[in-house]
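Read from first to last, the chains carry the letters A, B, C, D and E; within each, the first residue is number 1.
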Amino acid sequence: MSSNFRSWPMTLLLGFLSLPIIVMMVYLFVDTVTDTTAGSLIPDRFTLEHWRFLFDAPQAGRSNIWSVTLNTFIFACSTSAIVVMTSLTSGYALSRLNMPYRRLLLGGVLTLHAFPTVTLIISIFLMLQMTGLYNSLLGVILVKTALELPLGIWVMKGFYDTVPWEIEMAGLTDGASRFTVWRRLVLPQVHPGLAALGLFSFLAAWSEYILPQVLAPDGASQVLATYLQNLIKDDRAPDFNMFKSVGLFYAMPVMIIYLIFNQKLMNIYGGGTKG
Amino acid sequence: MRILLDQFTKTFGATTVIDKMSLDIESGEMLALLGPSGCGKSTTLFAICGIHRMNGGRLLFGERDVTHLPSQMRNVGVVFQNYALYPHMNAFDNIAFPLMIRKMAKPEIERKVLAIAELVHIEGLLKRKPAQLSGGQQQRVALARALVREPDILLLDEPLANLDAKLRLEMRSEIRRIQQETGISAVLVTHDQVEAMSMADRIAIMDQGQIVQLAAPKDMYDEPVTDFVASFLGNPPIAFLQGTVEGKTIRLENSDIVLPLDAQAAKQGNGTPIRIGVRPEHFQPEHPVKISGKISFIEEQGREELFDVTLSNGMRLRSVQANGGAFRLGDEVSWGLAADKVLTFDPSGRRI
Amino acid sequence: MRRAHLLGLGFMTPALIIVFLFFLAPVVLTAVFSFTSMSSGTGISGGAYEINEQTLRSLTDRGFPKAKSEKLGHDLYRIGEEGLGAVEADFGKAFADEIRAELSGELFEGRRDLERELKKLRSRPRSIRDLKKAADLFKRSVLNTRFESETAFLDGVGETGVELTADDQAVLVKTAYTGWSWTTANYELITSMASTWRAAKNTAFYVLLTLSFNVGFGLFLAITTFYLPKGQAAIFRAIWILPRILPPVLYVMMWKWLTWDTGFLSIFLSNFGVEPRNWMLNSDINAWVCIVLINGFVGASLGMILFSSALRAIPPSMLAASEVDGANRWQQIRHILLPQLQWPILFTTSYQTLSLLTSFDYIYLSTDGGPGRSTEVWALYTFHTALNNYGGVLQYGLGAALALVLVVIGIAASLFYLRLFKFNELVSQPRIEQ
Amino acid sequence: KDLTITVWAGGTNDADIYRLDAIEMAADILSREWEIRGEDLNITVDKKRDFAGWAEFKQAVTLAAESGSAPNIVVTSHLDIAPWSQAGLIVPVEDYVDMDSWPLNNIYDNLMEITSYNGIVYGLPQDAESRPFFFWRDTMKAIGYSDEEIDALPAKVEAGEYTFANILEDGKKALEMELVQPGYGFYPRPSNGPDYAQFYQSFGGQLQDSETGKLVLDKQAMTDFYQFFADAVEAGLTRKNHIGTEWDQWYAEVASGKAAMWHGGTWHYARYTGKEGLDDFFGNIQFSLIPAGNENGRANTITHPLAYLLTAQEDEEAIEIAAQLIKIASEPRINTLHAIKSAHLGISHEQSNIELYANDRWAAEATERLLPHANAQPNHLNYGKFSEAMFKGLETAWTGTKTPAEAVAEVEAELTAVLGDDLIVR
Amino acid sequence: MRILLDQFTKTFGATTVIDKMSLDIESGEMLALLGPSGCGKSTTLFAICGIHRMNGGRLLFGERDVTHLPSQMRNVGVVFQNYALYPHMNAFDNIAFPLMIRKMAKPEIERKVLAIAELVHIEGLLKRKPAQLSGGQQQRVALARALVREPDILLLDEPLANLDAKLRLEMRSEIRRIQQETGISAVLVTHDQVEAMSMADRIAIMDQGQIVQLAAPKDMYDEPVTDFVASFLGNPPIAFLQGTVEGKTIRLENSDIVLPLDAQAAKQGNGTPIRIGVRPEHFQPEHPVKISGKISFIEEQGREELFDVTLSNGMRLRSVQANGGAFRLGDEVSWGLAADKVLTFDPSGRRI
């Protein structure tokens, strides 16, 4: 930045305000591998017993953490994949192609973009029931996709908008069809959007709680969010540190993605913030 | 190949941008489209290459009517203003793209790309991505890409607009050389008059969607049909003086200054308001028809100097002199007009 | 149709299908449901016809002749030829004969009595279920029998010999029906119930407060990190994007850990002589503060991303210009940075308004509307009503009506924002006209 | 024959695991029975209990049943029988088992009554419990009760001699003497539950009209009931924002004597003596019926048994086998495992003859002191709404948002709107 | 006010961009900083106005040492390359901004803004937002903003780079006029040599963070100290010929062509490799020292024509002629050098 302003007052202030999050995160890590006497903040011994849940057989009537994790992975990956693929085509159509009802569709996407469908969950349940997808992971995936899609389309449209028209024009005059132009010339230009969107929808699905809880309560399709919440809600449950261990285990992929792709995530609105 | 635009009309929504324009470009010719911003130059190019559909009129390539042919099938090479190179491909792949689209065989593609790369002198740069190329090099890649599949027609949309002065000078001759060597018909869109004059066989000056004049560069410079054209060409620009006809002379407004008119202009009735245009090279100390004023501005331009001379009625004339060394700002001078070179225009701007 | 049209529609198809199935269709269904009395008591898929004690009482209330309802209320089992024939067909002649011999012509009040008699017989079926089935074959009344269709029901009633007038029949059918019916009562309820008004008030309060926090704090983060050296800015942005990307369940759990009476705050503050307490649920005010902070941190992350990218777009020379012009930091923020953020702020505001209106995960997971419903917002109220309450009576119809109110508000707001954002300017015509 | 029987149990913690395990044991027994009969039956029991709470459990069951994928057996509150039977989600147990046979004929009649609706037995009681009132002995002693007086308290309560007025009085004393902190004089349950219906009854309220089967809103009783809480808050006995306190915190507090008086459930015994580490329960805590509120009411307690219910299924045979399983699971021995492990009460007469049960002081005393006076909430289609409304009203009065009279007026308005014909207002 | 940069050093991280550069600008003078892209022109300007801190050296305004003074207190007016107008304020507010920051009274601000607006001829445009102004108008707003608080020093960072040729010509004189009227010291950064020559009192040519030559425009054109400077000034650019000294002459490489050298250059020992530079105006048909070649390129530039003449050894000379009408591409011509104007350089590029 410019040399005319000092930055340390800002650093101090921000550091202070960030304390809650920092404290939460630090203790999230520390508490999973230590024991602390009640009423104290300083851990007094190292232990791995809070991680037992990874290896112990699940208690009767509870799900196995590994199958739950697998479910969560399937859920997040499929959602992310579908969202990305669908947004890639739809975003392009809305951004670049002459087609009937383009304005209407665009307005519709914008409306949906700002309108989470969680409130419609009863009817969504019914739709799933009609299509036989209730209580299955696939159903939750589709619903989550529908929820994320408007944002995805809008983000991708934003990224497509930034691709110079001349590249497409050049492609056309070079003899390529619209489809080839999209696949060979335009797609490679929207990589950042693709990555950001993919990551974001992965994280969104990974974190989703309400949908799986309502739409797939069955043990076979349980995900980590419901697993953890059920554990927390158990009013005669064991120690908090174990929740944290499960929580950390749950958040691990998020943190990894976050550490590696931090910059990419920040790109999510790179395609322009207006609208 | 000859290009014939016949009664071409283009509208965007409610606004008609080009109305029944006709243009005939000869085979092997380079035609420059020159005009102020927004006059419809790019629109015309886009119609020729098929990016825009025409709202009226016909487009012929040679004898073939291509009005409704999609871009992909017109075989037109285009060099865009910002080159529109594919940023994710290296120079080789950029050039090879049109051939690849045609599913040409690999070795064949390689051969052709190398040949054209040699023509535009970028043999050594083929492995680089566009971002690693300088503006001039990018420009040559774009040119190579447009030429490699042997297009019938080459369209250049302000290809030099992004280059600095020195590079521009080089590129001009380069493009011209290649165009002449390949003997392709080409349309060059530009807003730079020097570029148009130096590169093209003929220039078409456009204004508000219409072709105002179509002529060879020298002719256009010497014989503009309107004051618009006259002011558009020439650097430093032409200076205009306002006045009324008095017999075979013109009396400048608000003054006693009287200058001779050529025969044609003198035919106008007494008292008719007219304008005369004087190019800086036609207002020089040694010319015969003297006119006095005060030097109000001097600009050193290296090998020449530019003078503004303000007449007694406040009008200005411009002069450019190679060795004007002796004159100082504020000097009263009496320099001469090359009366036969002076251009006269009627009030509507038409050349008389 | 031109090729690009087909390509465009083809490209849109997957999205259209998903959006149709899981957004448009549910909206329509919600609208439909909101005019029904659907609940977990009526079921969704439709009901049956049944006369039981409850129905009988209601019948009396509704002016159904007492004599007839008493007759309908008899649970009668008569051992007659008809039943015996059926038994013979289903369970063999031996059993039928035995019944004929022992019990012929007898009348039983309730199945249990008959069952006991049948159990004494030697050739009874071994399975208790079959025994019950056999007993049912002698049933000569409709009490406690579920009929799947109206005609079957009326036939059944007819067989008991109860004569029905048209009026009687209408009342009977209506009362005996266990499924849902059309009604506008849901909307009347919404306007008349104090709890909906409280939910509405809470919602307004919540949206307003959280929104101000989101935008204000997001701005604060964006601007402060903007002034920090690159490395530090990246660290702080990284910290503050966490609330947005951490799973809500975990994130809220960490807040609980922070605020519970055995949590960090209490322990930490006890060093200064402050009594440990549940900082989240101790009072309405605490709950609201927590709710606003929990949601606010999440929203501020989004704001920060948006605002930061907008700030990055400001040409450095403009900042230099203002410094050369003599502006100090505050003046620079006030006159240069903030005006540039006008659009992102507006965007964030509108986007977040709608998100806050309709989503409730974080409240659900943290206070679940407590203490004492003081933080129950409309969306959560809807969720509680329709799908999630202690009593277990899920009122789908009322829930749908509540949801529809939100849908309408949401769509109206979206349309308003579309205008605000000059939607027409956003949809530029494609520049390739194929 | 291979069969999978799915069992879902709501609100179930580790201590309650026999709700599920009992079915597994029953399956074992049943397949042995079949084997002896010469038939092959192989039952896999699919157990699930990880629901975030009762609300989530009921939601899951309802939606699953709607979509035709309901579990075979659900363990849930008897209150669900009314709506679920009406909707056809569950089928009567009595259609599948012989109600006169062992062990069903040994189950307490009143419990059987509670799991019936419209005269039909829909479920089998899974456990019984009761919701007593608790006193912290030390605190009571400190405010002037002798040990003998404390021992006699339950009898006084039962006789209506110790009422809510005394609670207020004693609570204030404890507060004044700073034996407890403000808000800990009377420390009620922090969330909605059947407990609150007990208070309504204490003040003379009646939940259901026995004649017409309609729900009853007794305005006077309701007002008095609300008033008591308003007074308790006013006097500083109870925190204004008590509702919503985390259960973990709540248990820890009452089990450590932080509160003078409170109320809870018989199963709390397991928690107090278990996780909370209160070794000498009887030395520290006295328990009794919920006292009478005033002269209109009487001391009472509510039992809120869970029941095994059978859901409607395509496969009749699966229902039948499920019915057999819950029947076997109701054997006194098996049920006792659950009762003692989770500190619930037994369901059948014979359980008192089982050593494990008989030797458990808590089970024995609680059964004797509480069960005879226990009644249950009515199985009524709309009781859920009634209960919600009653609690909502309590909250508004409790938190001081409205006066008790206003709160009752609001409840009345809401209930008449929601229940219409199904309500009698007194 | 005099500006003195003394041993100015600037580093970005590890790279030293400017190393101990000194520069002395006189009071009331306009100095042009000219140089290729990346040579450190903007960096120098930023150091003067205080946006960048100096890593070494001192900066004096008059007698005052301002090295460590923050921007806000230096009272320097800056016109940035892209004008850096505040897009959300109208022209008036843009100009008023520096005054408002100083909490000047409203009426006083109004008075001053109107006065300066009149000076730069934008009185009528004050209500418009920057987006509604043309490039030239924006430029004047920027200028007005820089001037309004009567700065001690005016810095202009490529203020004309974004304008088209015509507007540029106008703006040049405009800026020069205002600078002279207000008598302020000014530094003009540009990469356009014509601009530098026409506007500045003195020019400093920079290369790689160092000042190569500092002189008046005409002197610099006529007497460049290095071939770098020579090639930097002049349009069309100077042409260089490679050769070796042979007595008082130079023999061009790979040829028999021998040209006379001036006395100074002739002092070099025989066989020394040297380069001579010939400007296009010094290679004309009428000049004495003839040299033959073939016309390899003709460019029509309106009032003049540009010729490339390729010599027998492949080297090229450039000539620009006003009335070269008669010559054709491919003609063998024998034109003359103005031998006294030819510049000679040693192999390291130093002028001899």
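Methods note: a contact is a pair of C-beta atoms (placed from the backbone, for glycine too) under 8 Å apart; a residue touches a chain by one contact, two chains touch by 3 or more.
Per UniProt, the chains are A = Maltose/maltodextrin transport system permease protein MalG; B, E = ABC transporter ATP-binding protein; C = Sugar ABC transporter permease.
Keep in mind that what you see is a predicted model, and the values were worked out from it rather than measured.
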item	value
Least hop count linking subunit D to subunit E through chains in contact	2
Smallest count of steps, each to a touching chain, taking subunit B to subunit C	1
Neighbouring chains common to subunit A and subunit E, by label	B, C
Innermost chain, taking as reference the mean of every protein Cα atom displayed	A
C-E or C-D - the one linked by more C-beta pairs in contact	C-D
Chain whose mean Cα position lies farthest from subunit E	D
Chain centre separation (subunit A, subunit C; CA means) in Å	22
Mean-CA-position distance for subunit B and subunit A (Å)	55
Intercentroid distance (Cα basis), subunit E paired with subunit B, Å	26
Gap in Å, rounded to a whole number, between the CA centres of subunit D and subunit B	93
Residues of subunit B touching at least two other chains	50-51, 70-71
Two or more partner chains touched - positions in subunit D	56, 59, 63, 66, 248
Multi-partner residues of subunit C (at least 2 other chains)	3, 44, 262, 320, 323, 387, 431-434
Subunit D-facing residues of subunit C, complex	39-45, 47-48, 52-54, 57-58, 61, 112, 115-116, 119, 127-129, 131-132, 144, 146, 178, 188-189, 192-195, 260-262, 278, 281-284, 287, 367-368, 370-374, 384, 387-394
List of subunit C residues in touch with subunit E within their complex	315, 317-318, 320-328, 331, 335-336, 339-340, 342
Residues of subunit D touching subunit C in the complex	54-56, 58-59, 62-63, 66, 76-77, 79-80, 82-84, 86-89, 94-100, 118-120, 191-193, 212-214, 240-246, 248-249, 252, 316, 320, 381-385, 387-388, 392, 395-396, 398-399, 401, 410, 413-414, 417-418, 421
Contacting residues of subunit B [partner subunit C, same complex]	12-13, 50-53, 70-71
Subunit D residues touching subunit A - in the complex, by the definition given at the top	9, 12-15, 17, 20-21, 46-53, 56, 59-60, 63-64, 66-67, 69, 247-248, 251, 271, 274-275
